[in-house]
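There are two complexes below, and they share chain A, which is joined by chain B in the first and by chain C in the second.
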Partner chain A sequence: MSSPANPYPSSQVLAPNGEASGSKPQPTISKAEQSRQRRAVQEQQRAAKAAAKTAPNVPGPSRPRSGSKLPPAPSTPKKSGAGPSKTQKDSKDAGSLAGDEFTGKSRGLRIFSHFGLPKPVSHVGKGDIHPAIVRLGLQFSEFKISGANARCIATLIAFKTVIQDYITPPNNTLSRHLMTHLSPQITHLVSARPMSVTMGNAIRQLKLEISGSDIDLPEQDAKDVLCHKIDHYIRDRIIIADQVIQEIAGSKIKDGDVILTYARSSVVEKVLLRAFSDEKSFSVIVVDSRPMLEGKKLLSVLSSAGISCSYLLLPAIGSVITEVSTVFVGAHSLHSNGAVFSRAGTALVAMMAKQHSVPVVVCCETYKYSEGVQLDSFTKNELAPSSDLLSSYPLTRPRETLNLKGQPNLEILNPLYDLTPPTSITAVVTEVGVIPPSSISSIPFALGRQTL
Partner chain B sequence: MSSVSSSESERSESLQSDTQPGATSSSFDIYATYERFLQNEDISTPLAAILALTELVEKSNAGTMFELVKALNDGAKSLKEGTPNPISLNCGCELFVAFVSLFPHDSDTFSELKTELVKQGRSYAAEALGYRDRIADLSLGFIKDDSILTHSYSRVVMKTLLRAHKQKRISVYVTEARPRGLGFVLNVSSLAAAGIPCTVVLDSAVAYVMDNVDFVLVGSEAVVESGGLINAVGSHQMAIIAKAANKPFYALAESYKFHRLFPLSQYDLPTHNPSILSFPRTGTLSTLSAQPLSSSISQLHEVPTVPSESHSALLVPLSMTPEQIARNPDVDYTRPDLISLVISDVGHLTPEGVSQYLVGMFAG
Partner chain C sequence: MASELNNPSQRLVENLASKLRRRQVVGSRQAALETVLVLRQVVSKARFSKFEQLVEIIRSAGRRLVEAQPKEHSVGNTVRKVLHHIREEYHTATKGRASASTRNAFSISKFVLQGQPRKQNVLTKTDEKGTIKENDPDDPDSFARGLKPVLMEAIQDVLDELETVYDNVSKNARDHIHSDEIILTIGKSKTVEAFLKSAAHHRNYTVIVAETGPSYSGHEMAQSLSSAGISTFLVPDSSIYALMSRVNKVILGAHAVLANGGMFAITGSLLAATAARAHSTPVVVCAGQFKLTPLWNLYHEYGALDFADPSNVLGFEEGGLVDKVDVINPYYDYVHPELVDAFITNDGDHPPSSIYRLIKETYDDEDHDL
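Moving on to the complex of A and B:
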């Protein structure tokens, strides 16, 4: 299977090189011929070495690539135009290709190689990892705990355990040393799954508290103070904030409304439940999409509470959007240009609603605010776990025959998030009030410039 | 509702300990005071509310800050119940309550603090009376020898136009602003008296006249947190047409009209109620619609046959019944993307600037 497929990638890789060298036939022979030849010989040797290295493990796309390095290398001295810069680039290319030998096995598409991929975490971490963090890492990587709020709360609670179990080594102070103890824990969590903006904000605040803790305080007291600070952070920025958002967003739901929501956001779920308990009569359309199908959970919660719900998948949104009064969605993070980073598909829902002039309301706590500006959902993203790809299909053939994993010409790409542009958002409901997306950047100002 | 009853009970508790304060605050009729302030031509709704609440502070014998803020909130609530359109009233009440609760407590006794509050409230209101002149000065730079379209009647727009007339040659198109006809009645007489060329335009002829004007200038009932505008009904369609014709749409607003409110649509306004734009019940439909329908049919007959008499036919008052008027909205909400600039006494603000100003003002 792999051997007939090999020529194609090899020719693809070769094409740009040949083109590049051919397009620059500058006939100046100013550079010393000797050095060029020496470089070419080095190149050849390096390529041969790479070929020799990859020769034993036959499968994998790396072999044709290293093989493809051979033809251009001898041709370089003949084509006088290719100067030292060209050969340098070639050698750099060779280096990056060598890097691809490892990543290429798991993912063929190089342009998505920067997306964080959920990977199995070893039980035994490097260094001194607290068991609570090891457990949390596993829960993160298996998506047992997902959602920006849940992950942030779980992280903070685990850190409380870590802090309580921490003992300052002799000749050190807690405020100086605790952070060096926490950093590997954070690194371990990040290796399980890329850090969310919420976790980043919370950890930054925690670092600030640690560095500001009093040196003269007894160790146990200092630890208790930090744990209190963590509790307050969870209470003020998440729990109470959610309650305020429930109240404000609930006032936007009126009798007879049809609310549309996408996937599952813990805040939106609470808003809807609260509005229903306030005896407002409305119905909810839950829009969902593969592969996570998180909307099912929301659907079961809402319908068991007694709210009349409809459930449909993203492709069917066009047929219901005209009936909708308001769209409520949650967010993973909020950027200072007003863009909202949320579950993949949210942007589609928001744009569709904008097209039909349905108000789009994002429910989001201010601790999800990120100072950075994000312009697309490509530069930074994550890949959804692909393990249960076929679990929701009505299968007509045995599952084993439908294995999509091992196919060399098939790449499964499930980005986890996308970016909703500010133009398709009507309002963002935060605990400091309802804010138009154009004024998101004044959130720190609204919070009295306290650190986020 | 529950908050009212709890405050009532609290007041009755304080009444037992000290009978004097309860008696005075209950005898004070805030709504009558508010109406009295509104008699003054120059005092707009939010200012009248601020002054009425100032008077409430003066009359009230609340012994603590908590009681005072409670009394103020109750006063604001009873004011709101009195008016059908509480939006601009709310601006004033909100501003004053926020001011009182954020006021630094450095007085020796609470009664001193109250006199200080009263003094501050009065001086603010006196200062705020000058805001319109300031806006008129600020907006002068945007007016050349222009023809201007305005909608309904607004004191600040009137002041601006009169101010501009002293230096520029302006001409004004005024919509009649049905159903109240404020634009027609008030604008034309005062503009004509000042010698400004002025034409009354049908509300339905806004699109027709738009190509002929240089910009649109409207006042405001309130400027909301989205940067949008709440104003007499018809402003929204005017803004849409101005946008379509690429004409600037300027809103004039005193800073006390900035309102912490975020309407998502027309139906999210506090003035909206289910009876607005509802269909009449079938029984009343036949009797109500019969009258205007027949008159319009008679006009249709007249217009093609005798064109010269079509004007006289139009002069027949095409009035809606009071029920029909009641079923129509009083104000509408103009989206921020349709507004070029909000000119206020705190400066020229883009709609985004308004929302940032509001977020900063009320969150601090």
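Moving on to the complex of A and C:
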């Protein structure tokens, strides 16, 4: 949606540069004239931007209109001809750097349009955003912190700082007001990257704790209690849960096994390291794929620990799947119909494994459970930024050949997640035990909830 | 004597063999074209007084080329096809009307026994004498002189077929693609590229190209298709499953089509075809008939056992990692016939089950082992 409007603000900034370089071969024109023309060009661009802004929701008609606004620019004395065309190109680059390829208006745009567009996060949020949250937002949007567990833990720790720095305004109580203070922080995080299920679950729990906190408690005590609750949540639901999962999943690894894993899951990594330290002898096949190529990190961790590893890209999985004894994958979230939402590619790995009767084991803490039913990976997904942020191109190829930006009719789509159907999953290992995918909806009961 | 006199053509054969071995000639059509050109030279330079001699000359050249690069199946296929055409021309030339009537008779029994009647013809041919005499003691070259023009024509036919293969594969493209369809393809196959571009003249549709690591040839494909005005999406391989639910048809290229209807194709084809099967999406393979190979996949159940440079997967920039890790980078996947719905060839559309019949028709049984 921002595509028609976006190029112009940046082109305004760039216009003087383009002009300056363009004016060099034409010294005969006076400076006054130059600045007048520059003003004229800027005026036009401003008008174009305004025109684009008036109709931001209809990219179709707004494009030709802004296009028709542009041609007058070269009609100003010829030296400025170089200026606008250059700035136009620059602004396009700037636009695509922001991860915005949706400049085309093909029919494909419509069916993919509901995928959240990765947008540049603002350094200054609206309202009163805590600096810890601002920093976290940047780390999220630049994928410095990624992965369901890491994001959840980072969010909770940041909220602890926010809670400690919070002062209840007069004539209000902490249990009533703290949540209104937290919600803009949450909104800021969501604007950086869509909220993960884990974060949603943790925040819901936090809200419950806040509203349930004792009104009579002194403020500092109440804050301390909340921070303790957060610590306990991280400890019980994530850290201890991981340890239990390591133990259970580790028992599924036998000597001589070949374990296949896809991308990088923190839980799977721990399971494999734990099993190796338990002196089991097994080898690991790490399968990986763009856009993230996270498997390389897992590979370096595992191989430096001394586990014998093979590495291959996802398309080659057909060649090795027959040798695999068990597939271990992580998850982003679990859905009550037994489907597992995970890093894009997991569904392909699970499908291939299932085809060859290789058990697929998903390692997943119960706090990733989501009540909703998801049917395919299409309705809800997230796009990876297509910029070089993730630096996942092989260095053997010149990067330019793999960067296809600003081509007409060509759009680049990098979905981050996909949904593995319950039919291709053998079992889910959680801290409450090994559950078949058909029984995932029993997790809330396993956690002690009495009613639906 | 023959080998001595064949020296210039021998050099040509060796030249192509080394090019194949060094993978300077890659791609099945390229290899097939080079092979026809070399065989044309070989035949035109060959000296023979008997038909069997000529066949042996071609076979030995073919054997040399196939051994140089056994995974480039189109080389062997081309040799077989040339042999088949040459035999046919020879039979018409030597037997004239008598054999023509038996050969052109189409009957159910002949249809069932494809390939068999030909063998009988080979056995009986010595009895009949046509216009051209074999083993003429007065003039040993007369046979070759008489036969060569028709042989050249036969080889030219093979060459013409190869040169027009993309046009012929794509001539019915619009019958396979309807408007507003979403097509998924992987990597870069020239046949698929021509097919999609031809369909784009008549239909408005969207192509999703999976980039297909580690060659990332999908990038080139996406660039080429989008510059032809087709609405194109470039996606990483990992999202094939996620997007498959909205894909109407998967169109793949092939490296070699095997006798059982399975195929060798670029790595990732098995993944895409399996995902398509999981979503009941039809899988269509575009391939020229020169890719039909009278082989079964005996090497490996899921691949062609042909491996490429691992540095494309895990480069030396990863430093210490390279020492400790096995990197696997196969060239081809084996896609079994159950995963393919149709083959679109330069000579009509065929289900995988007809490939065996096509192979029987295209090649002579005795050439299966060169």
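We adopt the following convention: the second predicted complex is superposed on the first by the 326 of 452 C-alpha atoms of A that agree within 3 Å, B and C clash if a C-alpha of one lies under 4 Å from a C-alpha of the other, contacts with A are read in each partner's own complex, and residues count from 1 in each chain.
In this text, a residue touches a chain if its C-beta (ideal position, glycine included) is under 8 Å from a C-beta of that chain, and two chains touch if they have at least 3 such contacts.
Fair warning: this is a prediction, and the values are worked out from it, not measured in the lab.
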item: When chain B and chain C are modelled together on chain A, clash or fit; value: fit
item: Winner by number of chain A residues touched, once chain B and chain C are compared; value: C
item: Chain B versus chain C as contact partner of A:408, first or second or both or neither; value: second
item: Chain B versus chain C as contact partner of A:435, first or second or both or neither; value: first
item: Which of chain B and chain C A:448 touches, first, second, both or neither; value: first
item: Partner chain in contact with A:326 - chain B first, chain C second, else both or neither; value: first
item: First (chain B), second (chain C), both or neither touched by A:299; value: second
item: Touched partner set for A:359, first chain B, second chain C, both or neither; value: first
item: Touching partner for A:272 - first (chain B), second (chain C), both, neither; value: neither
item: Minimal inter-chain CA distance - chain C and chain B, angstrom; value: 18
item: Chain A residues contacted in one complex by chain B, in the other by chain C; value: none
item: Residue numbers on chain A that touch chain C, as the complex places them; value: 104, 106-108, 111-112, 289-291, 296, 299-300, 303-304, 308-322, 343-345, 347-348, 351-352, 355, 376-378, 381, 394-397, 401-402, 404, 407-415, 417-419
item: Residue ranges of chain A touching chain B (in the complex, touch as defined); value: 252, 254, 326, 359, 361, 426-427, 432-436, 438-439, 441-443, 445-448
item: Chain A-facing residues of chain B, complex; value: 225-227, 260, 262, 264-265, 267-268, 336, 351-352, 355-356, 359-360, 362-364
item: Chain A partner contacts - residues on chain C that touch it in the complex; value: 180, 182, 186, 204, 206, 208, 211-214, 216, 219, 222-223, 225-227, 229-243, 245-246, 266-268, 270-271, 274-275, 278, 300-303, 311-315, 317-318, 320-321, 324-330, 333-334
